[in-house]
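Everything below concerns the one structure shown next.
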Amino acid sequence: MSTGLLYALAGVVLFALGAAGVIVLAHLLRKILAFNVMGSGAFLVLVGLAQRTGVPDPVPQAMVLTGIVVAVAATALALGLARAWHARTGRGTLTEGEDRD
Amino acid sequence: MTEAWLDPAAWLIVLPLLWAGLAFLAGPGRGARLAIVALALQLALALKLAADLTATGARVHAVGGWGAPLGIDLMIDGLSTVLLLLTQVVAVALAVYAQGYFADAHHRREATWFWPLAGFLLAAMNALFLSADLFNLYVTLELLGLAAVGLVAVGGGTAQLAAAMRYLLVSLTASGAYLLGVALVYGAYGTVSIATLGPLVAAQLPLAVWLAAGLMLVGLMAKTALFPFHFWLPPAHGSAPAPVSALLSALVVKASFYLVLRLWLGPFASLGSTAAGLAGALGAAAILWGSWQALRAQRLKQLVAWSTVAQLGYLFLIFPLLTADGLALQAGVLQTVAHGLAKAALFAAAGVLMLATGRDTVEGLAGVAGRVPLTLFAFGLAGITIMGLPPSAGFLAKWLLIDAALESGQWGWILVIIAGGLLAAGYIFRVLRQAFLLAPEESRFHPVPRRLEWMAFVLAAASVLLGLRGAELVALLGITP
Amino acid sequence: MMTLAFDWLLVVALLWSAWRCLASADLNRAVVMFIVFGLLMALAWARLDAPDIALAEAAIGAGLTGALLLDALGALRARREGRDVHGEAP
Amino acid sequence: MNRLARGVTVGVGVALAVALVVALLELPAAAIHLPGTVAQHLAQSGVEHPVTAVLLNFRGWDTLLEVAVLLLALLTLLTLSGGQAAVAAVEADPLLQGLARKALPLIILMAGYLLWAGAHRPGGAFQAGAVLAAGAVLLQLAGLLPAWAAPGRLLRLGLTLGFLVFLAVAAALLGQGALLQYPPASAGGLILLIEAGLTLSLGLILAGLFLFVTGRRA
């Protein structure tokens, strides 16, 4: 198995883990963490799969650089919303009754 | 053909990006006049684009001059041009509306960064309609999603924050699924250009591409709020300020639908047929469930938002009916345009009614008929399109849909279309009936700027009159590469 | 052979840190595990011949996102403690 | 979320992961090989580092929209924190302050190096901007830089400059035939101009994602 394919396989597992996390976890900060894990998984698939023959490919690498910046923008926005929500309601979750962290 | 530096397709993206940036530079609360002038210009550009298209046919604008698969291509054809036209028409009317709406003292705070946010939103829409590159489309989807979330949050209240948060989480998860799909497609074929992909997918279809298509289409359906992914839409569209609700409901959800259509008709054509029945069934469920919730809604904007859930259902009815004669496709695009105009009008009218009564419930509308008759007339006109009565464009869309169902012998969908129309009549007349009741003694009415009423009316009238010009739209749509 | 063993080790570490980040009962630990995950990702990018992404991941993915998360966690904690002292929401 | 829904979600997640692993293991080689095409056109791109060439030339359109995404996130954060006062920074320990003071010139130097290096080897505007932002966050944590209030005109100019320069170049090159169609002779210079603007603006925006939000009180 090539290095690229190995990391691509790790990527799909990370993606599935993160996607399930975003849906299942209640606390907003945890959802945001899960979203980032999910994104990292997709990035690994993008580069790893393209490089499974062992040749570096600058095209998906540039795409992942773009993706990382988009992800940090989305994370900052989500954290801003979560903080504003917490400041307003004192809660860390959107649905009531699951408010433990 | 125009000279290269005047290419309207390029300026349709550059211009909104430019005024969004300048509006931010100008400072908090500024940028309304700039936006309106620029949007009028964009409308002219879209018309020019349509005229060029009719004259010379579909074409490609190769950004950077490289051409796919190395560079990113913009694709100008009938489908993208129709949606660009719809976007600019609705946007310019809503910009004039928003300027009046945010001039009101109660809403001034919401306008702090409204204009740059709206500019980025519209730039993202135009870029999305033109792009023919799956990864570039991912970036436009994120730009669109974050702009929409930002606009929901401008209201600043607790309900808006919760709605924005939920919307953001759905939007990000959906674009994550889309991105994984793009990664798999690149891994399978070594390109993300839609045009280059077509023959490659037709030649070879490994399991990874099936999964990619599933991930991308499900993600886009979640962004389009197709039942059962609709749960985020009513709170988001129902709690945002009226001009924002109108932008989101009329345009933003259509962008992801457009992309579903592009993929379904393009590279994933051979995969689409297996899931067509499911898409149609979900559309039917959306029509019935959304209309039922609209009938029961207590708050006016919730009612209009649930109506969007129902009307989006019609768009997915076309998938089991897609055939070579293109009737269903025409129906879907007409429905997109008709609903876009009518829903913008309904939210604009709802905003006026809420300003006038100071209340946001359907019950609180008693007596408004005498105070803002023009707005109520606009609400009724837009209602004609939503119900699908002649001569509106909504009628034409549903007629074509029934025609397509008859031709392919799938009678079941016709029942759903008719039931949806009756339910729509139910919730529209519920509002009108309440408005014509006598006002209770203690109720007070606030004056509303006339331009708000006029913009609602113009949009509503356009949605009805478009029915008379449906043939031109269909002809434009027929221009493919 | 050595490098392949290292790759397997790194992949296991990546999956483990991601799992600990999402499953940990304590939010503080979850955020710290996320930063560890980000640094391991940077290593993975280096192994994939992508030094540009490794740099960006370390600076943005682990660094800036980590700082944002820690700051947000601090803000949520501070308000929660404030509420507990006064016995009501601020 | 109830237990059934949780179980179903986890089940779907596991099934998805398994299906994807199987799909990746049996995936045949790709028909198109872009690294070769990139290498072939690298000489006309104006830079020598392939990733920078893709990022700012071949797929520069993605990058332009991505800067817009960052600006957008910042705008929404400003909307959310609108009208809230920043709390005075807590006094940090003098050791951290001393360290931050010493590190600052080094950080700026490193950002400059990364910007310059991007044309030939790993590095570029994004990494350089991220380093600048990290410096600003460090200064804030050391109590040497206050959290930012609503941005004044000068700051707004700094935040948008990179984006506007990029957009202006993209539009000006329309005369060449298409958006962002660099003439090969001046591509290197134009890309450096764009990257210099982006380094400043990205540094400010990324720092702003932290500094406009931290220490805010409703």
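Note that the chains are named A, B, C and D in the order they appear, and that numbering of residues resets to 1 at the start of each chain.
The rule we apply is simple: a residue touches a chain if its C-beta (ideal position, glycine included) is under 8 Å from a C-beta of that chain, and two chains touch if they have at least 3 such contacts.
All figures in this text were calculated on a predicted structure; none of them were measured in a lab.
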item	value
Shortest path length from chain B to chain C (each step joins two touching chains)	2
Chain pair, B-D or A-C, that carries the greater number of C-beta contacts	B-D
Averaged-CA centre spacing for the pair chain B and chain A, given as whole angstrom	28
Chain centre separation (chain A, chain C; CA means) in Å	11
Rounded Å distance, chain A centre to chain D centre (Cα mean)	17
For chain C, residues contacting two or more additional chains	52, 56, 60, 64, 68, 75, 90
Two or more partner chains touched - positions in chain A	8-9, 12-13, 15, 17-19, 23, 43, 45, 49-50, 56, 59, 61, 63, 65-66, 69-70, 72-74, 76-77, 79, 81-84, 87-89
Junction residues of chain B - those touching two or more other chains	135, 139, 142, 146, 149-150, 153, 184, 186-187, 190
Interchain contacts, given as pairs of chains that touch	A-B, A-C, A-D, B-D, C-D
Partner chain D, residues of chain A touching it in the complex	5, 8-9, 12-13, 15-17, 19-20, 23-24, 26, 45, 49-50, 53, 55-59, 61-63, 65-66, 69-70, 72-74, 76-77, 79-81, 83-84, 87-88, 95, 98
Chain B residues within the chain A interface of the complex	135, 139, 142, 146, 149-150, 153, 158, 161-162, 164-166, 168-169, 172-173, 176-177, 179-180, 182-184, 186-187, 190
Sites on chain A touched by chain C in the complex	3-4, 6-7, 9-10, 13-14, 17-18, 21, 25, 27, 29-30, 32-34, 36-37, 40, 43-44, 47-48, 51, 56, 61, 64-65, 68-69, 71-72, 75-76, 79, 82-83, 86-87, 89-90, 92, 101
Footprint of chain D on chain B - complex, ascending	4-5, 7, 10-11, 13-14, 17-18, 20-22, 24-25, 27-28, 61-66, 69-72, 109, 112-113, 116-117, 120, 123-124, 127, 135-136, 139-140, 142-143, 146-147, 149-150, 153-154, 156, 184, 186-191, 196, 200, 204, 206-208, 210-211
Residue ranges of chain D in contact with chain C within the complex	51, 114, 122-124, 126-127, 130-131, 133-134, 137, 141, 206, 209-210, 213-214, 216, 218
